[in-house]
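Look for subunit A in each of the two complexes below; its partner is subunit B in the first and subunit C in the second.
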Partner chain A sequence: MFRSLQNGWVLFAILFSLIVIVPIATVGSFVFINEGDTWLHLKETVLLNYITNSLVIALCVFIFSVIIGTMTAWIISIFNFPCCKYIDWFLILPLAIPSYALCYVYSETFGFNGFFSQMFQWLTNSNSYLVNFYSIEGAIFIFTFSLYPYVYILARQSFISQSASYIEISKISGHNLVKIFFKNSIPYARPAIIGGATLVIMETLADYGVADYLGIDTFTKGIYRTWFNLGDINSAGKLSSILLLTVFFVIFIERTSRRKAKYNKNIRNDRPLIKRNLSGFNAYLAITLCLIPVFLGFLIPLITLISWCFKSISYWDLYSFIKIIFSSFSIAFIAAILCMACAIIIVYGLRVNYKFVSPFARIASMGYSIPGAVAAIGILIPIIWMDNNLNIFFSKYFNYSTGLLLSGSLAALLFAYLIRFLALSIQSVENAFIRVPNSLDNAAKVLGATNKKILKNILIKLNINGICLGILVVFVDILKELPATIILRPYDFSTLAIKAHELAMDERLYEASLPLITIIFVCLCPLFVINKITTKYKREN
Partner chain B sequence: MYDNESLIVNDVTHFYKKTKSINNFSLRVKKGEVVSLLGPSGCGKTTLLRLIAGFDDPVSGEIIIGENIVYGSNYISTEKRGVGMLFQDIALFPHLTVGKNIGFAIENNKNRNEVIINLLKKVGLEKFINRYPDTLSGGQQQRVALARALARNPEVMLLDEPFASLDTWSKYDIGEGLIKILKSSNTSTLIVTHDPQEAMRLSDRVLIMLNGTIVDEGAPDKLYKSSKHSFSARLLGPIMDFKEQEKQLIFKGIFGKKFSEKVIKGNNFELLIRPDAFSIPNENEKGFELEIISYKNLGLLTELEINVSGSPLNIKILVYTNIFNMLINVKKLLFDKEWAFVFPKS
Partner chain C sequence: MKYINSFFLILSFMIISFETFSDEINLYSARKEHLIKPLTDLFTKDTGIKVNIITAKAAQLHQRILREGENSQADVLLTSDAGNLWRAHNDKLLQSVSSDILDSKIDSKYKDPDNYWFGLSLRARILVYAAERVDKNKLLGYKSLANPEFKGRVLIRSSSNIYNQSLIAHMISKYGLVEAEKWAMGLVKNFARDPAGGDRDQVKALAAGEGDIAIVNSYYVANMMDTDKKNLFDKLRIYFPNDDFMGTHLNISGAAVLKNAPNVNNAIKFIEFLASDEAQYIYANINYEYPVVKEIKIPYILQEFGSYIEDNILTNEYGKLSSEAIKLADRVGWK
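Entry: the complex of A and B
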C-alpha cells in the first residue's frame, strides 16, 4: 500500500479525483445547518412548489422520453426501410440544441403572435392560444423532445446487441412482433433504457434556462433566486442540498434497478439481428414515427432560429459578436483542456493501480450528476470563506485589503466546469485507453520506460483521436452550460449561452438566435465525428 | 556469491485476493540456462513471472537478479531490474516502426542505430527496419520483440507463453530459433508455458507447477523417465492409468513378479505406466503372452484391449504403433518395470 502511494501518478490521481468532494461536502453540510428566517419563509411559501414542479416535470419527461426513445430505437434496430441509416443519425441531432433554445422557439412560435398560433386562429377563426408554452406542460414538451436521444442512443445499442436467436426463439414460440417487443426486447434493454432515462432526469433537474424563461418555480431557479435576489447563501445551500440528495436518490434507484437486472447472455456465438424489410404503408409509418421527434426536436427549432437570424443580423456588429465568441470559446477550450489533463492523470492512475484509484475515480465521475447550480453554490461558499480569511489575514498582518480575489474570478468558473465535466473527460479517456492492452505498458516498463514516458509516448500517441474527441465533447457541453456560468461568471464576462439567455429574457428572441445557432453548429461537430466513427466501426465489423 | 546464477527466487509467497497463488516458491536459474515453468492454467506461472518483472509484489520472500536484490531487503522497480520480457500478445508498439520499437529501449545510447541494425541482423530481419508491426507475420513480430528485449542486454529473459499466438506448425521452429539466439547471448531464460512439448523441446530444465508450488523438476528426459509426481507423469507424455481391478491383476503378477513387489500393497496409490514399458521380447527374453480383443489406432500409439493368458479380466494398454505391428504376429510383450510409476494417491 505504501509503495503504491509513493507512486506520484497514483497519488495525483487520487487528489484530482477528490476535487469533486469539495462541492458535495460543502452542499451536504447544509443539511445540518440551522434553519434561518429566509429558509422558514421559503418553506412556508415556495418550497412545496419547487418540489412538486421539479418532480412532476422530471417524472413526465422520464415517461415520455422513455416512450419516444425506446420506440424509435426499436423501429431503427429491427426494421429496414428507406433512409433508415440517415434517420438513425437524425434521431440524435436534438442533442445539439440546448433545451433553452427549444424553449425560446416554441414559446414564441406557439405564443399569441407566433406562427403556429396565428395559423390556428386563422383556421378556427378564434382568438385563443393553440398551446400555452408558459406552463409545466410546455416545459415537459421541451425537455422530452430535447432529451429523448439519451434514451434512444442507449436503447438502440442494447436492441442491436440482442442475439437474433432470442427473437427467433420467440417467433417459434408463436409470439408476434408486438409481443416480442414487450416480452423480450424491453426486459432485455431495461437497464439501458433506465440508464438513458436517468440522464434525462438529471438534465431536467439541473436545468435553469427553461424554467427561468417559462417562469416555472423549480429547484434550480429557486437556488438562483435565493442567492441573487434574497442574498441568503445558507438557504441557497440548503435548497442545493435537497436537490443533490434527490439526484443521488435517482442514481441510487438506477444502480439498484441495474443490479436486479443483470442479464447474462447465455447464448454462445451471438448472431446479429437481421433486420426485417418494410415497404409500402409500413415503411411510411416507420419513417413518420421516427421523423416526428426529429422535426420537433431539431428541424423546426433550427429552421426557426435560422429565419430569426436573417431577420436580426443587423443587430449584431461583428466586433461584439467576435468578442463573445472569443470569450465563450476560450473559456470552454481552457476548461476542456483542464478536464482532459485531469482525466488523463486519473485514468492513468487507474491503469497503474486500479484497486487503489478506482473508488476515488468513481467519486470524480459523480461530478456530472451534480446540477450546475449546485456545483456553483458548492464552490462559491468555500471560495467566499477563503476570500474573507485571506482579506482578514492580509489586513491584520500587512494592513492591506485583498478584497475578493477568487470570488467572481475565471478560476472559480473553471473550477466549476472541472467538477461538472471531469466525468465526461474520464469516460472519453477510459474508452480510449481501454483499447491499449496492458502488455504494452508492461513491455515499455521492462524496456526501462518511466510512467511519464509510457503515458506520453504510447498511450497519448496511440489515442490522440479519442482524446481530441473527448476535448470536443466537453467543449460543446461547456458552450451550452448556463446555470453555473450565470452564478460564477466574473463581472462583465459573457458567453454565447448567457448572451442568448439575457436577450431572450428581454424578449429579444430574434437577436438571441445568432449565438444559439453558433452553439448548435459547434455542437453538431462532435455528433458528426461520433457518427463517422460508429459508421466506420460498423463497416469494419 | 551469485557468480553462476542470474536469478534467485527465495521463499516467495503471493496472494491473489485471499488465495495463496504462489506458495513459498524458490528457484535458481544459472547463467545461460533455459528453464520452463509448466503447469495448468491458474497454477501461478504467470504470476511468478510478474513478480520477477516487478509488475506485482509478493507478500514475503526475496528476489535477486544478477548482483542485485530487487525485492526483499532492497527494492528495485521494473524499469531498473534488468529483465527482458516477451509477451503472449507480442506487445509491439503499433505506432512505431520495427527500428523505433527496438530503439525505444535504448534512447540514450549513442550507438543506437548500430545496435538496432545488429539486433535486427541477429534475428534475421534487417530489411524490415522501416516496416510497421502490423505488416509482419506473427513469427516475425515475435523476433522483433526479442530483438527489442535484447537491446538492453537483460540479465534474465522472461517469456510469457510467447508462442501461444502462433500456429502449431511454425511455433516450434520460431521457438527454437529464439532460444538459439538467447543461448548465443548467454541470457538466462524463464519460459512460462502450458504446452509440455514446447517446454521439453526448448528448455534445459523443466519445473512442474501446481497450486503455486513446484511439484517436480529436472531435465526433460529425466522428468519423462522418472517423474516424482503423478501430475507431472501425466503431463509430460502418454501414460496409462490403471483402475482398481486392473491393479489387482497386476499384483497377481501378470507383468512379472518383481513388478508386483515394487508396488505398495493396498489401494492407496496410483499406478501409471508409459507405453515405453512394452516392447517385443527377443529370443532370450520371456515376456507374457496375450490375446488381442480389440484395438484403436491413435497414430503414434495404439490402444489395445488384451487378455493376458491365465487372467480372468481384459485390460486396456497403450503401445507404440510400431510395436503393435510386430505384436500381431508375435502375440507376446515384454514389460519393463522402469517405465511404471507408483505414487501415493493425492
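Entry: the complex of A and C
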C-alpha cells in the first residue's frame, strides 16, 4: 500500500479526492447523533413524502431524458437530412438555460393570464387550464427538457466514435435499423448513456430552485426546511446523509454497469460511419422529432424571456450590470479550470493504479450530488474553524488579526465549486481518457517516458477536445449555480444567478429576465465552442 | 508549469484582494438587495459611510453569523420578519442599543423590550376576496376561515414560508396549541388547491377563479394592484381580518446590531437613518409597506385599502413559537 503511495500521481489523486471528503464528513458525522424530537416528528409526518416525491421525480426524469437524449443522438449520428448540422447544435442548447429559468417561464406562461393559457382558453372557449405546472408532473417536464442534453452529448459522442464496420456487419446479417439500434448501437453506447443519465439524476436530486418555486416537497427542500426553518442542524444532517447514500447507490449502479461493459476499444483507424441520406417524409419526421426538445427546452423559454426583458429593461443601469457580468464570468472560469486541473490528476491517478485510487475517486464524485447549500455549510463549518484558529495563531505570535481570511473571501466559494463540480470534470476526463488504450501508455513507458510526459504528450494532447468540453460544461454549471454562491460569497459579490433568483423569488419575473438571458447567452458561447470542436474533430477523421 | 504558477498567483491575488475600509458597515440582509439598495445609497450619500451588503435568507444568515463567532464582520442584521430577529437574539447574536432617536421614533410595540432589535416597517396578512363570489358580511377573523362554509375556497401559500409560520405562531399564542391545531386542520380542509407559488400566485389564482379567498401579505397585493395590469384584478377586494377576539396579524421588517459588530457606531447611525422620515417614506413607497413612524404619508393604494385593527400580541411571540408552528403545519398536512 505504501509503495503505491510513493507514486506522486497516486498520492495527489488521493489527496485531491479527499478534499471532497471534508463537507461529506462534516455532514455525515450527523448520522451518529441521536435522534431528536424533530427527527421523530419528521419521520412521523413528512419523511415518506420527501422520499417518494424525490424518487418519482428522479426516476421519471431519468427515463424520459434517456429516451429523448438517446433517440435524438442516434438520429443525428446515423442519418443525413437537411439542416442536420444545425439541429445537432440546437439539441445541446437547453443546457444554456437553468432549470429554474425554465420553471419561471412555464409556470408563468401556463398560469393565470399567461400566454399559453390564454391561447388555450381562447381556442377551447373555456375557463380551464391546460396544465398545472405547480405539480410533480410539471417538475418532471422541466427537469427532462433542461437536462436531457447531458445524455445527448455523451450518447452522440459515443455513437460518432462507433465503427462503421459494426453496423455494416449487422446489416449484412440482415438486421434492420431498429434492430441495429437496440442490438448494436445502444449496448455499445451504454456506458456513455448511463454516464449522462447519472448526471441528470444527480442534478435532479440536488435541485432546490425548481422544487422551491413549484412548492414540491422533495428531499433537498426538506433538508433546507429542517435546517433553516426548524433550526435543527442534526436532523438536516441526517436527511442529507440519506440523500448521499441514495446517490452513492446510483453511482454504484453506474459503475457496475460500466465494468460489465468493459471499456470499448477505440477504433480510430476505422472508417467513420457513412450517414444514410433521408429525404421527403422521413427527413421531415427526423427534423420534427429532433426539434421538439429544442422548442420546449430552449426556443420557447428564450423567446418568452426576451419579451419579458423588453418590458423591464428600464429597471437596470449599465454600470452595475457589467460589474455583475464580470464577477460571474471570472469566478466561473477560474473555478472551472481549477476543477479540471484536479480532475486530470485524479483520473490519471486512476489510470496509474485503478484499484487503489478508484474508491477515492468515487468519493470525489459524490460531491456533485451534495445539495448546494448543504455543501456550503459543510464547508463553512471547517473553514470558519480554520479561520478562527489562524486568527488565534497570528494574534498570538505576530500580534496581527487575520479576521475571516478564508470564509470572507472567494476562497470558500472556489472550494465549494471544486467540491460540487469536480465530479463533472472527472466524468468528462474519464470519458475522454477511456478512449486511449492503455497499450499506448505502456508503449511510451517502454520508450522511457515519465508519467508526466505520458500525461502531457499523449493523454492531454489526444483528448484536448474532451478536456475543453469538460471545462466548458463546468463553466456553464457554475454560472447557473445558486445556493452555495448565496451562502459563501463575500461582500458585494453578486452573480447573475443570484440577481435573477432574488428578483424571481420576489415575484418580479420580468425584471429577472435580463440576468437570465445574459446567463443563457454567456452559456451559448461555450456551447458554440463545443460545436466547433466536435465539427473539427469530425473533419480530422 | 509556468502557466500553472501564474494561475495560482492570480488566484491568490484575487483571494487576498478582499479589503476593508475604516468608514463602512457590513450589512447582512434578508431583505432583497433591490429593496434595500435605494436606502443604502442614500445613507452613503448623506454620511459618506460605505455599506457592504450581503443578502441571503434570514435563516442562512443566522447560521453564518452563529458560526463566524467572534470574528464575524457583520454589523447590522436586517430581516423581513420578527421571528428571525427573535431567534438571533435568543442565540445571543445581538447587542442592546440605546438611542434616543430610535426610542422616540419607534413605538414600543414594534421593538424588543430591551432594545435588541427595532421594527422598521409593517406588513399585514390580509384577505383578498372575489367580490362576486363572497359576501363581505360573512368575513370575520382568521379563525372563521376554518369554517365548513369556506370548503374548497381558500388559497394560501406553503407553510414553508415564514409569513405563514408567523401567522400560525400568532394563532398558537392567541388560542393555545390545541385550538390552533384544530383551526389549521379546518383551514387545510378548506384549501382550494395544494399550496403552490408565492403570495402573488394566490392572488392570480383567485382572479382566475381557482378559489374565492386568498390569504396574502398586504404589500404584494398593493404592488399588483398599482401596476398597469390592475384591470385584471378589479373584481378583487381587500379585507383586514378581525373578530371580537383577534385583530389583523402584523409582521415587522426590522434591524439589529450584532454582538460582535466591528463598527457599532456606524451601525447605530444606519438604523437611526432607517427610522428617519426620509427613509420611512421610501419604505412605504418603494415596497408598499406600512411605516412604523405613523406620520409618514402612505401611497394612495394603501389609503384605499382602509385601516386595520391591530392585534395585541407582541411580535416577539412569533419567533418563540415558530418551530412549534412548523411542526403543527406538518401534522395537519399543510404542505
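Descriptive notes on the structure:
Quick note on the criterion: the second predicted complex is superposed on the first by the 366 of 541 C-alpha atoms of A that agree within 3 Å, B and C clash if a C-alpha of one lies under 4 Å from a C-alpha of the other, contacts with A are read in each partner's own complex, and residues count from 1 in each chain.
Keep in mind that, in the parts below, a contact is a pair of C-beta atoms (placed from the backbone, for glycine too) under 8 Å apart; a residue touches a chain by one contact, two chains touch by 3 or more.
The shown structure was predicted, so the numbers you read here are calculated from the model rather than taken from an experiment.
In the superposition on chain A, A:388 makes contact with subunit C only, not with subunit B.
When both complexes are overlaid on chain A, the residue A:437 reaches subunit B alone and has no touch with subunit C.
In the superposition on chain A, contact of A:450 is made with subunit B only, not with subunit C. Legend: residue contacts after superposition of the two complexes on their common chain; A:229 is shown touching subunit C, with no touch to subunit B. With both structures placed on the common chain, the touch criterion links A:458 to subunit B but leaves subunit C unconnected.
Of the two partners, subunit B and subunit C, it is C that touches more residues of subunit A. Applying the stated contact rule after C-alpha superposition, one finds that A:41 touches subunit C and leaves subunit B untouched. By the document's definition of touching, of the two partners only subunit C reaches A:380; subunit B does not.
Subunit B meets subunit A in the complex at residues 53-55, 57, 75, 78-81, 83-85, 87-89, 91-95, 104-105, 145, 148-149, 151-152, 154, 158. On subunit C, the positions that touch subunit A within their shared complex are 4, 7, 10-11, 14-16, 18, 20, 26, 32-35, 52-57, 59-60, 62-64, 67-73, 87, 157-158, 160, 162, 165, 194-201, 204-205, 207-209, 220, 229, 232, 322-323, 326-327, 330-331, 335. Across the complex, subunit A meets subunit C through its residues 38, 41-42, 45-46, 107, 111-113, 127, 129, 134-135, 213-215, 217, 221, 225, 227-231, 233, 330, 334, 337-338, 341, 373, 377, 380-381, 384, 387-388, 391, 403-404, 407-411, 414, 486-487, 489-492, 494, 499, 502-503, 505-507, 511.
If you check the complex, the residues on subunit A that touch subunit B are 3, 437, 439-440, 442-450, 457-458, 461-462.
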